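Next come two complexes built around subunit A: one with subunit B, the other with subunit C.
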Partner chain A sequence: MDSSNDEALDIIVTNVVATFRTRCHLNLRTIALEGTNVIYKPEVGKVLMKLRKPMITASIWSSGKIICTGATSEDESKLGARRLARSLQKLGFKVRFSDYKVVNVLAVCSMPFAVHLIDFTKNNRPIASYEPELHPAATYRIKNLKATVQVFSTGSLTVTGPNVQNVATAVEQVYPLLFECQKPLCN
Partner chain B sequence: AALLSRPAVALALPRVQCPNHPDALLVEDYRAGDMICPECGLVVGDRVIDVGSEWRTFTNEKAVKDPSRVGDAQNPLLNGGDLTTMISKGTGAASFDEFGNSKYQNRRTMSSSDRAMLNAFKEITTMADRINLPRNIIDRTNNLFKQVYEQKSLKGRANDAIASACLYIACRQEGVPRTFKEICAVSRISKKEIGRCFKLILKALETSVDLITTGDFMSRFCSNLGLPKQVQMAATFIARKAVELDLVPGRSPISVAAAAIYMASQASAEKKTQKEIGDIAGVADVTIRQSYRLIYPRAADLFPPDFKFDTPVDKLPQL
Partner chain C sequence: MTSRLCRTCGGSDIDLDPARGSAVCTGCGAVLEDNIIVSEVQFVEGSGGVSAAVGQFVSSDGPVKAPLLGSGFHTSTGKESRALTLQNGKRQIHHLGSQLQLNQHCLDTAFNFFKMVVSKHLTRGRKMAHIIAACLYLVCRTEGTPHMLLDLSDLLQVNVYILGKTFLLLARELCINAPAIDPCLYIPRFAHMLEFGEKTHEVSMTALRLLQRMKRDWMHTGRRPSGLCGAALLVAARMHEFRRTVKDVIGVVKVCQATLRKRLTEFEDTPTSQLTIDEFMRVDLEQECDPPSFTAGQHKAKMQQLEQELARKLDDVEGEISCYRDEIETELENSRPKLRGIYAAYAKIGLSVCLSDEALSSTSDPAELEAEDAELQAAAQHLTQDFLCQVIQEEEGKKPEGTSEQQEEAGQAEEAEPQQQAAPLTFILGKLPSAASLGLQQTFHAFQEAAAEQEADGPADSGELDLDGIDDQEIDKYILSEREVQSKTVLWTKQNQEYLREQKEKEERITKEKEQGTYKEKTKKSSKKREPIQASTAGEAIEKMLEQKRISSKINYDVLRDLNSRGGSAGNSPTRSTPDPPAGRKRLTRRKKTSNKTNQGLAGHRARPPAQTQGEKPHHYETTSLPTTSL
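Moving on to the complex of A and B:
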């Protein structure tokens, strides 16, 4: 029964955040002056470089550490990161692509039913928390997967986790709990 | 601490014993200041200091100061046992220096490790006083703060923020929740920071709180607006019914309560504007408007059956 629900639910990955190192010091002023599509933020000490082809924004620090956000899949993120390293190489830095790691994956999913958040929170007391004054969604944190699921009363979910596999598992885990607390369709 | 007037037990060293009966427990005769062996009657120790009270006190109706008690009331739950001695500011001419400065000007800092905690307690009492919270909530808040402070997991956060969040949690735990905005009004900390500290404290103390319902706020909001009991009961009924029928999914209970109060007051003789209600509840009047629009279609079902309408249901304002 669960596997058939898997196929029905499509989990759309909207954001993948990855970090990597260039193993060399980067001169931010040079990048800011000569790079294309860059924004220099001297007060923080980083340069934002936006790529068009995989739609990616990267924050580049002078230590050589780069955080790459905005990709829609893990492969795209890696591709964008490599492309970014290549463009830095073209600017003249001795870039070595190393320590690539996907840090966070954000996905959205929609249940075919609306969820009664108050019942959901009551049934899953310590793991789920719901503060309507602070945020309209109930947050469900799965400790062993290190994933957080935010459930809205319309039935949409946003899931964040360290990789796509965990995100999928989190949705599978949370589905039966949500199924119990769904709102009947007579309304 | 009150001076005790029961026979004092001998200290571990030096221990007096009757030479003939080393096992016998000595009896203290405090009037003569002797320690007497009960077996043979030998006076073993003499010139024992009397620890009874220094003067006799007769029961006084006023009894504001009891001369045999010294010091402030102890706060054993919250402090580390305050037994230090402080030098107070002197009275009379002899306590001043040549230049007019007072001698012993530095009142020695007592228990400097708990100074921050005492400061926080003072702040909590001030905040609670502004919204007239009873003593039991203040005590609960102090206890929560002490637990959080001793755990040290939130050490980097401002003490005021932690105090405000503890106050919020205490009100919730006592069954009389206050909205974040109400706590904000008596604290200098922003709602965002109080919310963050609130979540951190729940994680640190591993407790959870009950969810807020619309009924928790009705009595306070209605009395602040000056609405009669009938209207308050009607508003409570409307809000509860609206949540049961799920007419307002995803809306904060405060907004639903405010909309219910608006509907009930508009149907009665005491009509309040959305702005007034929004002011009291801390809700924007557009928010009330939104929630009102959601409950308006089923207005006829939401009113309690025995409600006396000043304005009938079909004449209710439609925004």
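Moving on to the complex of A and C:
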């Protein structure tokens, strides 16, 4: 699926963030007292609940909104969210699982070559930006995909986007641009 | 005042009267000019004999307003908000820019950027100081001055990343492509600060050469330019026999010691570092290097590969060992007497204990299991050692009986190397139960996971919870039992005592206030819901809205209303306290035109009384309301 015919790039999804609503008010104190693996943060007003099976951390607000982070794939995220809702149900709340939405997906990928960041930024002027004083990577924002690609000089990429498909497309879009500005290896 | 020829008579005798500003020909009396523009400063005498110059200060930007009453150009006299903002910004830019020693041209450019920013409403929600700093830094980048964002953040005492964020945003919105920072720009500045005296120029040149080399060796991508400069300057100084320590350099360059050391080590790794000073000045190596982080990554990959190979070799070796082990075991089996006595029972119990433990503790912590394993291992070792000794003794006892060579060999082998084998055997045999237990545990895990992963994605948005594949038992483990809840409650209340106390106090306070009747709901900013305005024309709607929303306390609305009934006039800018007479309407409308032009950009939350054309009939305003004015 790449423009390079020989190798396939491994895009590894490292984090998936999703939100859903339980449509009912949750008593945070009950959750804090009766659940295992919970951290209650009264000053912010939320409870952090960590699941082991899909390794997931969920922030639970009393309004019933829940943000679920730490999953490594979209399916895993959904499973973890449902598991969480089930455990809340068991605690006695009238939980309904609604408005599940994956909000952000973070993936890493590595090019087999190093990239000359200054040339890359010059060629893609308004879309790419590079400030060595602030961050060692060049940032390439793709507007129509709503994805951001951070390119490091070693050739490794960090991609964030609203879903896995966008992330894959972003990598494909960026690959030819990076290929032009690659640094030929000496050894 | 050019003397020229009269048009009518051709005479050159022309009388100029500066007071009236007229030029008259004395020959024929023809008036040649009226109202000559003169550039003189005139003085008038004020009260008490004080002479004052005639004229007023007019700002070069902003609207040209009517002559101000009173003296001075204080900001409180009726300028619009936009002009005030720009003036304020200009002052701050000059103040900050002079601290950075920027020249006037740069400051003007920065002010132009600022004007663009304000007109695009990018100042909303951002501190003025940040915006000013970002504008100045934009100028620095486009002009190529050696100022770092760090300098600005030092002056303002603001986090450099916050400034960076603002700067990036402005650059993107204004579509200004700031050229990339070249570390060579900073060299003269830092060299000057390091005080090399006469040889500053030479040292700078050397440092520049070093930097070029570093660039070619790919050390500069993704790094702060100041760090590279520091390293280059340090080496250059040493090359010219100046003793500058790392501390001096980092004080000037503003990086930390670790960074500088790292850059120096990276440079050391390049082949250029092997050259002598003279060679370096003369020769330029052709070869380029890979970026250091890339080489580090490759190094790591290589190490991993090596480890894998080693592991594989170990596996091979283990395979051989296990072969030997199997052979030995078979030999032992053949030569082993049947298990009798208490040792038999021990051996069997040992194994069964292991197995039952696994069944119970399949999901317990691996730490616990390891502890158990250790105990088991120790027990097993102990048992097998005893067992082996016994076997060996029995073997020895059996020797005279046994006639087969195998047995002898086995016996001899065992005798000859009881010590050697005892250790590996106990090790191997001792390990057996624990290895087995681990293996079983792994299969348990795999089984559970498999069970969990068999799910279909249920219907999405019904709101009902799809229970497929969700293991209730496992989830039950997430919920504590009654007793646990109680103990946790105790612990939790103890830990969060302060917070609970605060909450209680707050509630008491609220109830008290409620009783007293002074309770104020402070929670939500209740947006006042006004009824929708019913009006027939736009003008009417606006009047009604203005009525509801009193803009300024300084306007005498009654008077304005009266004025309105007399046929429309100035609802001028609200800071005017006295309404202007209708006679001056023409002048007012003109003035308002200019003022409104400047206010066009303002999406003002202050509703300005919008305009009406001059010719509109006044009877629209029968309803008492604020007059409207022409746009």
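The working rule: the second predicted complex is superposed on the first by the 179 of 187 C-alpha atoms of A that agree within 3 Å, B and C clash if a C-alpha of one lies under 4 Å from a C-alpha of the other, contacts with A are read in each partner's own complex, and residues count from 1 in each chain.
Heads up, the rule we're going with is that contacts are C-beta pairs under 8 Å (C-beta built on N, C-alpha and C of every residue); 3 or more make two chains touch, one makes a residue touch a chain.
What you see is a predicted model; the values in this text were computed from it and never measured.
Asks: Clash or fit: subunit B against subunit C, after overlaying the two structures on subunit A?
Replies: Partners clash after overlay.
Asks: Touch check for A:K183: first (subunit B), second (subunit C), both, or neither?
Replies: In the superposition, A:K183 contacts both subunit B and subunit C.
Asks: Pick one for A:K53: touches subunit B only (first), subunit C only (second), both, or neither.
Replies: A:K53 contacts subunit C only, not subunit B.
Asks: Counting only touches as set out at the top, which of subunit B and subunit C does A:S129 meet: first, second, both, neither?
Replies: A:S129 contacts both subunit B and subunit C.
Asks: So which one touches more of the residues on subunit A, subunit B or subunit C?
Replies: Subunit A has more residues touched by C than by the other partner.
Asks: Please indicate which partner A:K65 is in contact with in the superposed arrangement: first for subunit B, second for subunit C, both, or neither.
Replies: Once the two structures are laid over each other on A, A:K65 reaches no partner at all.
Asks: Pick one for A:T154: touches subunit B only (first), subunit C only (second), both, or neither.
Replies: Both partners, subunit B and subunit C.
Asks: Pick out the stretch of subunit C that clashes with subunit B after the overlay, from 186-194, 312-320, 438-446 or 618-626.
Replies: Stretch clashing with the third chain: 186-194.
Asks: Both subunit B and subunit C touch subunit A; at which residues?
Replies: Residues 114, 116, 118, 121-122, 125-126, 129-134, 136, 152-154, 183, 187, which sit in both footprints.
Asks: So in the complex, the part of subunit A that touches subunit C is made up of which residues?
Replies: Contact set of subunit A toward subunit C: 23, 32-37, 40, 42-43, 51, 53, 75, 78-79, 82-83, 85-87, 89-91, 95-100, 114, 116-118, 121-122, 125-126, 129-134, 136-137, 152-155, 183, 185-187.
Asks: Within the complex, which stretch of subunit C touches subunit A?
Replies: 148-150, 160-161, 164, 167-168, 171-172, 175, 177, 180-181, 218, 221-226, 287-291, 293-294, 297, 452, 455, 457, 460-461, 463-467, 469-470, 472, 474-480, 485, 488-489, 492, 496, 499
Asks: Over in the complex, which subunit A residues touch subunit B? Could you list them?
Replies: Where subunit A meets subunit B, its residues are 114, 116, 118, 121-122, 125-126, 129-134, 136, 152-154, 183, 187.
Asks: Mind listing the subunit B positions that touch subunit A in their complex?
Replies: Subunit B residues touching subunit A: 179-180, 195, 198-199, 202, 206, 208, 211-212, 245-246, 249-254.
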